[in-house]
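All chains are identified by letter, namely A, B, C, D, E, F, G and H, in their written order; residue positions are counted from 1 within each chain.
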Amino acid sequence: MSNSSSSSRAYRRLDKDQAAVLLVDHQAGLLSLVRDIQPDPFTNNVLAVADIAKYFKLPTVLTTSFEDGPNGPLMPELKKTLPDAAFIPRPGQINAWDNEDFVKAVKATERKQLIIAGVVTEVCVAFPALSALAEDFEVFVVTDASGTFNEVTRDAAWNRMSEAGAQLMTWFGLACELHRDWRNDVEGLGTLFANHIPDYRNLMTSYSATKAPK
Amino acid sequence: MSNSSSSSRAYRRLDKDQAAVLLVDHQAGLLSLVRDIQPDPFTNNVLAVADIAKYFKLPTVLTTSFEDGPNGPLMPELKKTLPDAAFIPRPGQINAWDNEDFVKAVKATERKQLIIAGVVTEVCVAFPALSALAEDFEVFVVTDASGTFNEVTRDAAWNRMSEAGAQLMTWFGLACELHRDWRNDVEGLGTLFANHIPDYRNLMTSYSATKAPK
Amino acid sequence: MSNSSSSSRAYRRLDKDQAAVLLVDHQAGLLSLVRDIQPDPFTNNVLAVADIAKYFKLPTVLTTSFEDGPNGPLMPELKKTLPDAAFIPRPGQINAWDNEDFVKAVKATERKQLIIAGVVTEVCVAFPALSALAEDFEVFVVTDASGTFNEVTRDAAWNRMSEAGAQLMTWFGLACELHRDWRNDVEGLGTLFANHIPDYRNLMTSYSATKAPK
Amino acid sequence: MSNSSSSSRAYRRLDKDQAAVLLVDHQAGLLSLVRDIQPDPFTNNVLAVADIAKYFKLPTVLTTSFEDGPNGPLMPELKKTLPDAAFIPRPGQINAWDNEDFVKAVKATERKQLIIAGVVTEVCVAFPALSALAEDFEVFVVTDASGTFNEVTRDAAWNRMSEAGAQLMTWFGLACELHRDWRNDVEGLGTLFANHIPDYRNLMTSYSATKAPK
Amino acid sequence: MSNSSSSSRAYRRLDKDQAAVLLVDHQAGLLSLVRDIQPDPFTNNVLAVADIAKYFKLPTVLTTSFEDGPNGPLMPELKKTLPDAAFIPRPGQINAWDNEDFVKAVKATERKQLIIAGVVTEVCVAFPALSALAEDFEVFVVTDASGTFNEVTRDAAWNRMSEAGAQLMTWFGLACELHRDWRNDVEGLGTLFANHIPDYRNLMTSYSATKAPK
Amino acid sequence: MSNSSSSSRAYRRLDKDQAAVLLVDHQAGLLSLVRDIQPDPFTNNVLAVADIAKYFKLPTVLTTSFEDGPNGPLMPELKKTLPDAAFIPRPGQINAWDNEDFVKAVKATERKQLIIAGVVTEVCVAFPALSALAEDFEVFVVTDASGTFNEVTRDAAWNRMSEAGAQLMTWFGLACELHRDWRNDVEGLGTLFANHIPDYRNLMTSYSATKAPK
Amino acid sequence: MSNSSSSSRAYRRLDKDQAAVLLVDHQAGLLSLVRDIQPDPFTNNVLAVADIAKYFKLPTVLTTSFEDGPNGPLMPELKKTLPDAAFIPRPGQINAWDNEDFVKAVKATERKQLIIAGVVTEVCVAFPALSALAEDFEVFVVTDASGTFNEVTRDAAWNRMSEAGAQLMTWFGLACELHRDWRNDVEGLGTLFANHIPDYRNLMTSYSATKAPK
Amino acid sequence: MSNSSSSSRAYRRLDKDQAAVLLVDHQAGLLSLVRDIQPDPFTNNVLAVADIAKYFKLPTVLTTSFEDGPNGPLMPELKKTLPDAAFIPRPGQINAWDNEDFVKAVKATERKQLIIAGVVTEVCVAFPALSALAEDFEVFVVTDASGTFNEVTRDAAWNRMSEAGAQLMTWFGLACELHRDWRNDVEGLGTLFANHIPDYRNLMTSYSATKAPK
């Protein structure tokens, strides 16, 4: 491992002007396959990524596979939160990157940093992630907004993507790395956290109470 | 165990005309002590109980301990969902049942079935549960809307309450036992479930899609 | 606990001439809610109970709730394995015992021992179990063919049923207690085990190989 | 639970002059089914019970089911440690208590306290335990020398036996309750512990070293 | 279960004028056997019980088994915190209740409620607990200040004690049930909690900061 | 780590015209050693790989070690599903790659992508994987169809193989990467999934029901 | 992986004359977010790092984010243990390295080895770690004194930092690598261990007892 | 990761003529610190490595740290099994490689492959492993014969060693890679496995029984 080479140590850092979000196959039927994260936190994590995309105005591509069949329709909240996102229902390609319209939509964003989440991790996330890396995109996987059958499957998928050069992140790290400085908008980031982190909401509730006039 | 006695086998069944809800010390500070359930599902479970109380119009008593100190204020959603609930801030009694106003509020409901949830389980739930049992109330503990430090603490608390005659339940069982028959209000119960069970919401999303005109 | 009383120590033992099987709400949609057992073993356990019912010719009642809605249809294998079972689709009653046809079907079996499994444990299993106990049936819950949201829910449901006098069993214990003696049919029981216990199948494969002529 | 009755509180205490040991179906094939305890500690626990039987000279009954088939032969160490134990290979009865020779062997010990361990817990242990309780024996289950398919199966089996009046123990508690006082034989009990508890062996190694002349 | 009998529902509540504390065999060597709780929280829990005994001025009996051998000496903090506690080093009895001096020391407290913790749970706690119950003491086991080899051992020990009428508690519940009302001494109880609950200490730190003059 | 080098980012993608399957030592005796995955899902995963090999007509090599001894015979389903697979019973070589016939059979497939699964992971999978990598094959390990003693063993084996350049996959990712596009055969892939993923089968059952004429 | 290159195999070893400690955002509010380690051991680990910094006289930088808001003040013990540490309260930068004063304080230490711990791992630790690596510092992450929301988050954060060249350590390894030889100060290191490792304290208690004159 | 470079794919394979074994600090006191593996399997794994060293006649170096203090003496079985091993009690160096006599003993073996196990993993194993790698030895860590405080500590230690070029193995893989071919000595390897793998012993017991004349 050539850790000593300076190139490997470059901090490939998310930049809100360089990043786009790809949400792949968060469909009502497929969600029932996700068993490596509990349903409550998983749903919360996916919605947090959507809120991040909206908050930072990141260009976003939504895609689904076979919505009319057992895979079911996209989680309705995603389109509601991101009405301007490109939406590419794929007629059959399992790897979204094999779909020309999807790749076109991605490239239309003119961003080189791709934030990817999806269901299931080893397929709907890993395949486009590996394809994008091969075309020299920087890839950031939102691990906790990506779900799969069990922990064995997840660990294998993470390993494959990491070895190929993807960076493993979580939605909270994403939000923080994009925001850079609380002073850019304390209110906005605080609201995002309060809406998606019960413990943080509790801190804010307690804090507000002590600050309230009696 | 005298299981053969018919009295022990009587089905002590929740009845929406006999039941009241007691929510004890779900305060912003105390919630940070809860580590036997993850924050996302725990918050969801507590809010589900509040929605149940509202939906079935169950008389409800909210109580807190030392709101002005580190324990922090009540989760704001509870008062918002249940604006008519009695609210008893206790000046110091750890067992809510040691507070006269609380007991008065409970007895004012004229209900003999008490549904109790709180933080932390072995104290804020167990103490009033044991006191209520000693006064011949029927006690139903909402285990998944009650939280504590860890699983050892929880298991010990459950054992103590169960041995004293409390029935251990969860919010979903509560809702189902109170509702009795879907035909009483399909829409209402379905909405309650969709709002608090991501897997159920997914089922409904998929089902609706197949029923929608194309 | 009056363990010293001889009555409590009576061995309430399953008898294939006294027992009936009730399978409650093993529906395709509801199965996606089950997260306290992994899907592979859970499906296997449910099918094992069906095979037991068939093998021991136990009268069986199948029931569902709202098959046309998001709960989805009964697992198709159940009707295929048990074509003669009574089938009671319930129009709305959550507790199957609140449905007259269901109770009639149960009583028509003229059995006093009821083997119950279902989805979800704290509702579809616990409610009819408690109702049946109140009418002096002996109740045997097949814990591993009954599933629910998580382990907290399961533990609470088991506690409530056990305290009310139900006996907690698993499908393997069921088969063994009903069969009594391997000599009644070595081949039959062995096949049942080989079909549902991979480890047992392996033992048989190895054993057969050593016995085969070389 | 009538805990207040003095009879329930009587300490039913193991007495080395009142106790017999029953080891049921610890056979090489069946052991591969045990997955609720890891193989290393499980084997150790079973051998510890055999050493206890030998050390306290407890009359012992060994039994097996179908040794010639896939269930395989008895763990060879058991007969080696306990050459004088009764051995009852059962021709087909699943519940050892249904085998007349087994019951005769048990009754020939003239002991009223039965220590039972076996594979698998919910069948080979639970069935004879329930039968023995029904005939007014005191039953002590060695939980950690009894194994089964998984934790769900184990928990259900423990619940059934406990509710029927069996006492749940482990091999270490067994040894201590039978021995009563270290002064009866420090060397003997210490050796038993050192042979079966690595942590205790380490304590003895360190202790001996500090006491050794330098 | 005769839950319907009022006697079973009586709230057997800890009273600081009725309770004594028995700490059994918390010795440096034996502590290395404890693996059902991590070392940091376990040590903390034991010291919390000692602080409770001191704070509520509960008469306390300390006892050890073979301090000169591999079991090792008593945790030094216990005698330091409780210099006036009776101390009974046992020459050999495994069940502390078999030691006359120990029983004399217990009875000299003139208390009928015994709070017991020790190492290991199924022996050093369970044996004296069962003996005390047989002499009509009320027994409260501090589960989280009692440790043993693993969770199987713990669960079996809890079951045996609970079935015999012991109440399972934890140190936090103990402190709260003894204290009754914060107003009896806010400072004292708050300090106890801050010293033994990191999360509570954090709450107090944050709270104090908001109250401090800037 | 020279992630920045484009070569490392090349997507080494499974191609059904380039891949062969090697199934190593899935023997009835050795399967009893597998404890890092439960028996039901593990058996299912192995059979899924066999079905994939058949469905995609991938050349396959089966091999065993000492079938006549305690390791036992190959799982009978494998030869039944793959009657045309090469079968190489090894007389003694632990690393299948040390057996000339095995290597010949592999090379006869004229494929450069090797999909390997086996029992136990750190030996029967890792050794031939490392040998094949050293001869410049691309190696894809089917992690969930490979089993071993425990999770420590598994994690060490995965690390060794991954560091040497193997790609960690699971059977579902395998099927999807080989299939590329649902439109190649919706029916076929759907059947494969329904047969090996209970949750997917449920989705299909529910979907079919909504599509059926009423 | 070019493991064969000698450069990658160089032992980048902590040296007490080359290392500085950075403790990032161990604030009372943020600590309530930490759920991947239990509170007792986590608090202990953080305090152990502070004691190490003091013991080895390592230059230390403390920093916080928004102390006046819900994040809360720094754990008071840190400043008490390390009164001479630089303290940089950040007005808004999430990545401490984006704060000029922080970087200045780090560079003022004139050390090239940075030991970093903080809350939460994927942000407050990972961001400055990646920034420092990009400026050619050697980075050592104290994994067990860094906490975050859950294990998924932790694993992703570890992966990202490790892939970028950070070394993952724990406080115990840190102390040992810095100390090099017990003979440098047996008493000092022993005290450090006894204060933070209950098991080690027990060993010392037992050892001292055997050495004490009787 | 330059996986494409052929050098990284070279199979660095254990060779019994090239390998030496280093067992570091398996001392009675330190063993009580090990909590990432249960005591029964951990002890078994360490003894298995000693048996492997003996069986393959691998030159072995034993070393200890402060045997006279609380760390305690070496596990007595190690010297008994390996009477000819070099034994280097270190006067103070924490990293065994810092002790000249130890390095001399290692180099005297004239082996370039070092198999290392010890307690605790992140110090007694990792430090000499990193030192040996820096001197161009090939290092094979026996992960399951190396123990430490908890899984966080273990995972960090594995990561550090793996990133530096060590290969992670387990004792079973070790034995198999060294043995190469069962035909070299079926009896010997079989005995080794039977003595250390209960499941394998069971397979052999069952197999022998079927082969025995009746």
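Methods note: a residue touches a chain if its C-beta (ideal position, glycine included) is under 8 Å from a C-beta of that chain, and two chains touch if they have at least 3 such contacts.
According to UniProt, the chain labels map to these proteins: A, B, C, D, E, F, G, H = Isochorismate family cysteine hydrolase YcaC.
In this text, all values refer to a predicted model and were calculated from it rather than measured experimentally.
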Copy pair subunit B, subunit F: interface residue numbering same or different (half cut): same
C-alpha-based rotation, subunit C on subunit D, 0 to 180 degrees, nearest 5: 90
Mean-CA-position distance for subunit E and subunit B (Å): 30
Centre-to-centre distance between subunit G and subunit D (centres being mean Cα positions), rounded to whole Å: 48
Geometric centre distance via CA averages, subunit G-subunit F, whole Å: 42
Whole-Å separation of chain centres (CA-atom averages), subunit A against subunit D: 54
Where subunit E touches two or more other chains at once, by residue number: 1-3, 8, 10, 29, 32, 38-39, 41, 72, 150, 163, 197, 199, 202-203, 206-207
Parts of subunit B lying in touch with subunit A, wherever the complex brings them together: 28-29, 31-32, 38-44, 67-68, 72-73, 75-76, 197-199, 201-203, 205-206, 209
Contact set on subunit C toward subunit H in their complex: 203, 206-207, 210-211
Partner subunit C, residues of subunit D touching it in the complex: 1-3, 5, 7-8, 10, 29, 32-33, 65-66, 69-72, 91-95, 98, 120, 122-123, 126-127, 130-131, 133-134, 136, 149-150, 152-153, 155-157, 159-160, 163-165
Subunit H contact footprint on subunit E (complex, rising order): 32, 35, 38-39, 150
Touching residues (chain side subunit E, partner subunit B) in the complex: 1-4, 6, 8-11, 13, 37, 41, 143-144, 158, 162, 167-170, 172-173, 176-177, 179-184, 186, 197, 199-200, 202-204, 206-207
